[in-house]
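Dropping a structure here in structure tokens format, bear with me for questions.
As written, the chain order gives the labels A, B, C and D, with residue 1 at the start of each chain.
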Amino acid sequence: MSSQRENIIQRAVKEVEDGTIVNLGIGMPTMIANYIPADKDIFLHSENGLLGIGPYPEEEDVDADLINAGKETVTVKQGGSFFDNAESFAMIRGGHIDLAILGGMEVSGQGDLANWMIPGKMVKGMGGAMDIVQGAKKVVIIMTHTNKEGESKIRTECALPLTGEKVVSRLITDMAVFDFTPSGMVLKEVLNGADVKTVEQYTEASFTIDEALIDREGKQ
Amino acid sequence: MTKVQTSFEESVARIQDGATLIVGGFGLCGIPEKAIQALAEKGTKNLTVVSNNCGVNDWGLGLLLENKQINKMVASYVGENKIFEEQYLNGELEVELVPQGTLAERIRAGGAGIPGFYTPTGVGTPIAEGKEHKVIGGRQCILEEAIQGDAALVKAWKGDAYGNLIYRKTARNFNPLAAAAGKFTIAEVEELVDVGELDPDFIHTPSLYVQHLLVGTSYEKRIERKTVQQA
Amino acid sequence: MSSQRENIIQRAVKEVEDGTIVNLGIGMPTMIANYIPADKDIFLHSENGLLGIGPYPEEEDVDADLINAGKETVTVKQGGSFFDNAESFAMIRGGHIDLAILGGMEVSGQGDLANWMIPGKMVKGMGGAMDIVQGAKKVVIIMTHTNKEGESKIRTECALPLTGEKVVSRLITDMAVFDFTPSGMVLKEVLNGADVKTVEQYTEASFTIDEALIDREGKQ
Amino acid sequence: MTKVQTSFEESVARIQDGATLIVGGFGLCGIPEKAIQALAEKGTKNLTVVSNNCGVNDWGLGLLLENKQINKMVASYVGENKIFEEQYLNGELEVELVPQGTLAERIRAGGAGIPGFYTPTGVGTPIAEGKEHKVIGGRQCILEEAIQGDAALVKAWKGDAYGNLIYRKTARNFNPLAAAAGKFTIAEVEELVDVGELDPDFIHTPSLYVQHLLVGTSYEKRIERKTVQQA
């Protein structure tokens, strides 16, 4: 894993609070599970119908009937439960999931999220992402701050088709943490040696800087 | 009245060309392997298939794609299948992408006699285009309509002759929803048990949703992404 | 039981076909269960969450957790199942019940049904009746042909608030059987010594007479 | 994180005056006896109570009526209760009658984040007055809205410390729906079992719907109409 991704995951795992129900998206978010401290009592929800994802199985315990939403073989934690997909999304839509951490392609200054299609490329489908961003109590997006061309993925307006409008609670990148509030996007933390100036340089969307961060970093 | 049948071939022959078919399963987990294979052999054409995914190239619903039996696919994610991509790009295959929770709820609504419902899922996205919008309880929502199937294919773990079914672990997924939303539901099970053996407190699909019940043998249960503990 | 009610039940039980799922309303319809021949494989549905109502229990088997929609203690038949109320009405509304037999206060010539409230009297509630008349594949109403004052309960228009509009498939009274078709109400049978003329006299709604019945009874 | 509490008194103290409360049970079957009793003792006022029925004069929700703790009752059938009739007729009690299936579906929708749905139930009746009508799939329907509770009281058979619940026979009824639709759900059980004892394939209410879990003792389980085989 690149250190950039590792850094994002390390920061993202701090979002996971003891005693909560958490849904982790496919890909990088799924890897967060491996970093959750053992003393935290977390139930991971998998939208294909499982509450209480356990670790990957030992070779001899692999069970084709027991997979996560990424179609990986998993196990079930003690006290977990299985249910159908309507029930699973009743949990999501009904606000019973405390936290969802998903990947992103673009996030706008208003907290819009685009993470499911790129026009002109084959559309694979949105899976459960549109439901999750509407339903989870808190939606945290993790993504690299810039694309391969070094352009900001945090845009004034998303150019890509949206997954949801004003749905992001918090955005964690390799450089920064932003919160989305009724008065706009707020820079909360700078990460991994970046400073506010660098963050400003690589962020297309405008944002304000959290008071506590100004106190720590000094006004730039 | 027993619903037990012995021939998958005869059961799937009840599905007409042009039918709308709801199929259980998530990825390759909990798919009705045997009925899909029988339907591929039968060659029933112009199907509209409603299922969360569309199998892989050589397994599950991919078999029907390969035979060009599917005209339209309603799914939430179809990324695992090359043939799908080809047929879609050259216009042979119509695709309706539906958010997974909306898909599950539309199928549930089809079985439950709820013609339509409002959901916030998809508001502000391409999914909402052309759909009726309404603010309910301060929340912007869109109207989604129920999906019913002329037939449904489902896979359960155990079943009895009346058609009561139970599912195993995450192989449950869309199967109970499909069973209820199909006007003619064909259920395949790994094990047929005596009537009375299933505890009435713990039946996932009550008998009245099932029309035909068949026992499948030698299930392949392919795994898409085998992941194990790192030593 | 009055012979009038007994006669209605005797006729109504013939509606119950082998291998079907049947919901019987509270009161007189519930009593039909006792008349279903043992060789018919019927599953009785109870809207409080039971498919496969069995006979009343022996004294020692009475179980407070096992009741029917009329709140009577019952048993469960082999192969039966329990479920919650949303699932129970999913079965009803979704068209999975083959036949419902309910009582009636008034039925109109269009097949409207009134059976839940009398203005000016304390309203007790409709229970599941409004769902059942919309959802069951076939709705059979059983009631006495006339009220205590000898007035027709089969009205041109229902005077009482409706339970459902154009929902009745068949009406069975102590005198007659009517079907409701797109072209109106059709007298199918005369019962218990009544003749077509008597039925006409006690029926406010207009109806046509089934050809087969005319052949049997002669034109009046 | 255990959800086990030991004091019904303290748990129901979380329910505020004026709260909307969803209560499981059908008639007197499967009602949360202990929480209702605690709430009657506490005397919480101006409640809106959503439940299929309203108990009998001296038991179940009838206890709250007797204390005049209920301002508004949302139910499908309230015929078993004299006090109800009195309070209704002299204007002390507001009543919203809802068809049973619509009530179940509205509570289910509340738990499932479906703000509204269309149903044919009630079309052409007094229930449809003032409601939005729409023809969907050729069927005239009315719009019904979700019901959520500030709190829910439910009764299960067995539960574990995480809050997983199973119900027994027809005592299930509205309980799982209420559990999901309550923002603060208090579940009482006859038996607390070890975590892991309930089979994850057969849990009726998954843990995340429950906030407090209490063990009740000496359940009365009154029977409204005891009927037995005629000798």
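Operating definition for what follows: a residue touches a chain if its C-beta (ideal position, glycine included) is under 8 Å from a C-beta of that chain, and two chains touch if they have at least 3 such contacts.
Which protein is which chain? UniProt says A, C = Probable succinyl-CoA:3-ketoacid coenzyme A transferase subunit B; B, D = 3-oxoacid CoA-transferase subunit A.
Please read these numbers as outputs of a predicted model, since none were measured by experiment.
A.B. asks: Can you give the shortest number of steps from subunit A to subunit C, where adjacent chains in the path must touch?
C.D. replies: So the least number of steps between the two chains is 2.
A.B. asks: Supply the minimal count of touching-chain steps required to go from subunit B to subunit D.
C.D. replies: Shortest path length, in steps: 1.
A.B. asks: Average the CA atoms of each chain to get its centre, and name the chain whose centre is farthest from that of subunit A.
C.D. replies: Between subunit A and the rest, the longest centre separation is with C.
A.B. asks: Just give me the whole-number Å value for how far the CA centre of subunit C lies from that of subunit D.
C.D. replies: Distance between chain centres: 29 Å.
A.B. asks: Report, in whole Å, the distance between the mean C-alpha point of subunit A and the mean C-alpha point of subunit D.
C.D. replies: Distance between chain centres: 35 Å.
A.B. asks: Please list all residues of subunit C that touch 2 or more other chains.
C.D. replies: If we look for residues of subunit C contacting two or more partner chains, we find 76, 82-83, 86, 89, 92-93, 134-135.
A.B. asks: Which residue numbers or ranges of subunit B touch two or more of the other chains?
C.D. replies: In subunit B, the residues touching two or more other chains are 105, 108, 112-114, 119-120, 167-169, 172, 200-201.
A.B. asks: Got a list of which chains touch which?
C.D. replies: Every touching chain pair, ordered by label, is A-B, A-D, B-C, B-D, C-D.
A.B. asks: Which part of subunit B faces subunit C closely enough to touch in the complex?
C.D. replies: Residues 1, 108, 110-114, 160-162, 164, 180, 195-196, 198, 200-201, 203, 206-209 of subunit B touch subunit C in their complex.
A.B. asks: Touching subunit D in the complex: which residues of subunit C?
C.D. replies: Residue positions touching the partner: 46-50, 55-59, 62-68, 70-74, 76, 82-86, 88-89, 92-93, 112, 117, 122-132, 134-135, 161-166.
A.B. asks: What part of subunit B is in contact with subunit D in the complex they form?
C.D. replies: 105, 109, 112-120, 134, 136-137, 139, 141, 145-146, 166-169, 172, 199-202
A.B. asks: For a test of understanding, state which residues of subunit C touch subunit B in their complex under the given definition.
C.D. replies: Against subunit B, subunit C makes touches at 18-19, 21, 41, 43, 45, 51-52, 76, 78-83, 86-87, 89-97, 134-135.
A.B. asks: With touch defined as at the start, can you tell me which subunit B residues reach subunit A in the complex?
C.D. replies: It is residues 26-30, 52, 75-79, 85, 88-89, 95, 97, 99-105, 107-108, 119-127, 157, 167-177, 204, 221-230 of subunit B that touch subunit A.
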